[in-house]
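Report on the structure given below.
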Amino acid sequence: MIKVGIAGVTGYTGIELVKLISNHPKTKLCSVSSNSYKGKALTEVFPSMRGFETLICEDLDGPPLSGKLDVIFLALPHKISMQHVPGLLGNHIKVIDLSADFRFSDASAYESAYQEHTAKHLLKKSVYGLSEIYRDKIKAAKLIGNPGCYPTSILLPLIPLLKENLIQPSGIISDSKSGVSGAGRSLSLSSHFCEVNESFGPYKIGNHRHTPEIDEILSIQSGQKISITFVPHLLPITRGMLSTIYVQAKEHTTESRIREVYAAYYEKEPFIRILQKNAFPAISHVKGTNACDIGLHFCEETHQIILVSAIDNLLKGAAGQAVQNMNIMFGLKEDLGLNSVQVPL
Amino acid sequence: MIKVGIAGVTGYTGIELVKLISNHPKTKLCSVSSNSYKGKALTEVFPSMRGFETLICEDLDGPPLSGKLDVIFLALPHKISMQHVPGLLGNHIKVIDLSADFRFSDASAYESAYQEHTAKHLLKKSVYGLSEIYRDKIKAAKLIGNPGCYPTSILLPLIPLLKENLIQPSGIISDSKSGVSGAGRSLSLSSHFCEVNESFGPYKIGNHRHTPEIDEILSIQSGQKISITFVPHLLPITRGMLSTIYVQAKEHTTESRIREVYAAYYEKEPFIRILQKNAFPAISHVKGTNACDIGLHFCEETHQIILVSAIDNLLKGAAGQAVQNMNIMFGLKEDLGLNSVQVPL
Amino acid sequence: MIKVGIAGVTGYTGIELVKLISNHPKTKLCSVSSNSYKGKALTEVFPSMRGFETLICEDLDGPPLSGKLDVIFLALPHKISMQHVPGLLGNHIKVIDLSADFRFSDASAYESAYQEHTAKHLLKKSVYGLSEIYRDKIKAAKLIGNPGCYPTSILLPLIPLLKENLIQPSGIISDSKSGVSGAGRSLSLSSHFCEVNESFGPYKIGNHRHTPEIDEILSIQSGQKISITFVPHLLPITRGMLSTIYVQAKEHTTESRIREVYAAYYEKEPFIRILQKNAFPAISHVKGTNACDIGLHFCEETHQIILVSAIDNLLKGAAGQAVQNMNIMFGLKEDLGLNSVQVPL
Amino acid sequence: MIKVGIAGVTGYTGIELVKLISNHPKTKLCSVSSNSYKGKALTEVFPSMRGFETLICEDLDGPPLSGKLDVIFLALPHKISMQHVPGLLGNHIKVIDLSADFRFSDASAYESAYQEHTAKHLLKKSVYGLSEIYRDKIKAAKLIGNPGCYPTSILLPLIPLLKENLIQPSGIISDSKSGVSGAGRSLSLSSHFCEVNESFGPYKIGNHRHTPEIDEILSIQSGQKISITFVPHLLPITRGMLSTIYVQAKEHTTESRIREVYAAYYEKEPFIRILQKNAFPAISHVKGTNACDIGLHFCEETHQIILVSAIDNLLKGAAGQAVQNMNIMFGLKEDLGLNSVQVPL
């Protein structure tokens, strides 16, 4: 059994990880930490999480975890993660970091969007954990920068089309919509029930921190500088994310060619499903799963392609992909612990 | 007092009209009809609508309304409207039709999106009821084709920029999101609570009937053939609509020029509000009002403009704009009965 | 015009008062205060509240309001209200206090549920603002303790039956359910969207502060000590409240007698509606109105009565009843500014 | 592997059964039927149900299932179930019926609440599937009448207290609240999103069909005629159910005695959790699980007991308890396939 730790266990991503690791046939949850609920049992903090009456939230700055863990998931705020990673790696614990701290290979891109990076030397070792695209590197990695939820929903449909030269690299637009759990469990007027309920709107137009993350990966993958237009919106639902992406096809591109390329990249992927013509994703089709559904509309006349992708922001957009990466790192079947059947409600 | 009738009174637009006409200082509600609830009092059908215990839903095919009404609002399904309009006009009753039947000046555009038009001769007389844009024609009109909700949210931000030659006429994209009341009160699996709640997704990509309506008006207004990309999505909320619109500025366009043009067109409009830099609309900011809020992001580098507009689909998107049009037709102050203060919840 | 001030204007009750006072034909909003948003325009704080671009939130501890106001609504937290009331009354400003500070005639009952009362001498002058029951006293009052939302929903159906000796005074149970706006706009994990949404449950069983308020009024009205069982629950909706009340009829009581008594008390009341047999209230039937709907089921066999009452917690349960009380205090028609037609969505 | 069939697979209970049976380590889903979607693959009907692209919905009246199945779950409307059960039993297929048809031992009680019973002779053989209470009979049963959701939430907290003579058998009140999925997937105005959303109210006061079911079981269990007051309400959420139950303790009853009795009955039950003093259930604590949480408030003064129970109406209230019963019938560990960890959102 793989010995697993989870840091930042009392956030929404943290408990999602507890669920996945507990239901996983090859892992054992050995240690959890929480800054806000130190000393409390997890079931005390979340009465719905039954069976954890004796799993006590520890202090991450407590006694060293060396020897106790094979891998640790860090569901911590950015900046906090980078403080712990060097020590953990030094103790021979593999790290899957769900913050933004190790997603960038370019420290200056990170620093312009976030703050000073205090563990820059590790950026070269860290692997971007977009499982389907970076699988080979993930296998050998000791440190994973797990992708953001918005980037996951945008990169998966775009990368194959860009790499195979089917679409214009400029003018890409992603109109994205996320459930409230994406903003975490900390208190804010923008997560107050009465402010969110029965409303909807965009936020951070032109300056969301996920934009440089998306741009960096698209640029690396396509071999040219790409800069997309990204507009996030807040949906009055708890979980789920959907991106409607507008791109321009190249002259020679046809719908059947696009479908061929998607099939080549994703046909054997357990978590990616390319929908048939005229079928489009909905959040209820992926909620509770690690799946990414992708739908496609190609306009013959204008050569415009509309891509629609849907994921569960807490699963394929966070904890689910993190466990998928753990499976890859430890040589397990990739969908282990992630393939249970879900209903749409 | 203006004597008012409402046909199709037991739909969501119908009761919204009852509310507006009842709260209006210059109108008297004289007659309501409903196909589904003939003979029932309105309060019986909608217990929340108190004060209408004796307002009985009549049969629209009943005794002629001649002399009884000055104006009638038709909140009927398309195809049904066009059957009644000729008779109503013949009886010297002004008609504000909220179906699609009289929105098109081009009968073939209508027929390709809907069905055969049986009152084509009236299309020339009918005026498209986008109040701020067609005010002068509305003043003299006897028949109004009241705009669709999606078209209203898209046309109001776009028309000034197109007419003043500030944006490219091609490549316009509107990613639009609507509450469930837009689909009406009739039963459908796609309006079932459990199918909509906690979900979100696009529908009718590439073939929504509002696209030709939008294209026709934009083409007329700009003097050139325009064809936009329009993707509607269903929001799990009761009312409200938001469109995120992506357009390309012309070479010479600047943000201050855009703001000047908007000011020229809309500064004195009681229902249109152009938001300041970095402020964007949300559905809760317009819900319950006849307002259209418009926010704007201009990217200097790429010359892309992102416009965000929000309306209440049942008010500025239907019943509210219809009453605004009635005010114009009868020479009343345009915001009469439409200017009460609303809270965001 | 009556010159009106509102203190605590940026809470949910505060903005509801702004709406009502602004839409009221006989009042002028002259001053608003807010502790959290001093110096900001109301429209800046709530973009949906258009028309208040120059209404600046003042400091309640600022320059004296003497002469400027005829009446002030205090939408302040309890304890804060009692600090301001003596000064306001001294300046000849009538006070309608929406906190709990002046609801009790018995200071010790207040102090056991809340904290020390620092203006006890005013408790004798203050009138409990349950409009339909205390109308005569309200007419002459200078200080109103506006009822809590739960008490309003429970007292209105119970008082006539208790006073007319139709029900047992013991064993009364109210199973009550409230929307989230009842908890106010301040931040708390229990108002976080993801914690409330798609959930439901009771809270503060056995020790909610509204219980002594309900008990005091029922005891005064019935002339005997009454102590009810009150269980509040949190509904995942923004506004609205429904109480299902279980009482035991006295031997001689019949359904027709109950209906006679309700008719005698409430038939002419503009805001109270007794529903017909087999019809029951729903929150959507009263949302947005100052109404209280009451439904009734009488079991012949067991002599049990089930009463169901519904109100909008922010209107009849707070701001609406406060304005109703102002109308009474100033000799206006009681439903002035409160009688606009509303739709259920 | 146990060979399983599911009839009525395209309702909300049906797909929940598909999920449970597919995720269960000892069962194989061999056959599904649907009246509405005959010939379609399950994934076609529910895109979220991936992995069932070749599981075709059959006609229940098609070729005999004899030999193909060990057990069948009937998620059919009442009346339809009783038509199929005799044939299925004749083919040596065990039946777990989720309709009301085999819940009653007294045919006349069934017939007064539903309609004529056409398989009365089987009522004596059928076992009421309240797992924790009827476990011994379930072990040997060939036909299970799986309990209703409301009865499950009410019976589990009450039975121990009644059997141990701790509470008065008269005057029991259950104020119950259910999510919309309880009403099924068929179309009805009362399940229309806009009618349910942001509302709440009671329905069928005094004549809900679950009342006789509850009364029959309570009477059998306590050995005396019991008739409770049951008021169901509709919550604007998809899944979950909570009952707040008011009972009167007997003279000698104490809180510690109640807790002893609950411990004796339920301490070892995997799915029942008695909450500590001052802790109460919420729907989010049980959603997605087969659990029943029970909270308890005992008032020393009045000897009133308030019980609060919460279940997931589609799991412990339907499909989950049905699978629990299957586990019992086939000698499996009772929580097999039902014990995965869930998060509250």
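Letters are used for the chains, namely A, B, C and D, taken in the order the chains are written, and counting of residues starts over at 1 for each.
Definition applied: contacts are C-beta pairs under 8 Å (C-beta built on N, C-alpha and C of every residue); 3 or more make two chains touch, one makes a residue touch a chain.
Please read all numbers here as calculations on a predicted model, not as lab measurements.
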Neighbouring chains common to chain A and chain B, by label: C, D
Which of A-C and B-C has more C-beta pairs touching across its chains: B-C
Between chain C and chain D, centroid-to-centroid distance (C-alpha), Å: 39
Chain centre separation (chain B, chain C; CA means) in Å: 37
Euclidean distance of C-alpha centroids - chain A vs chain C, Å: 46
Chain C, residues touching no fewer than two other chains: 12, 181, 194, 197-198, 236-239, 282, 284-285, 287, 344-345
Chain C contact footprint on chain B (complex, rising order): 12, 15-16, 18-19, 22-23, 46-51, 181, 198, 238-239, 273, 275, 279, 282, 284-287, 289, 291, 293, 314, 340-345
Residues on chain A engaged by chain B in the complex (per definition of touch): 173, 175, 177, 194-195, 197-203, 205-206, 227, 229, 231, 233, 235-240, 242, 244, 246, 280-285, 287, 295, 297, 299, 302, 304, 306, 308, 310, 344-345
Of all residues in chain C, those that touch chain A in their complex: 12, 180-181, 185, 187-189, 191-194, 196-198, 236-238
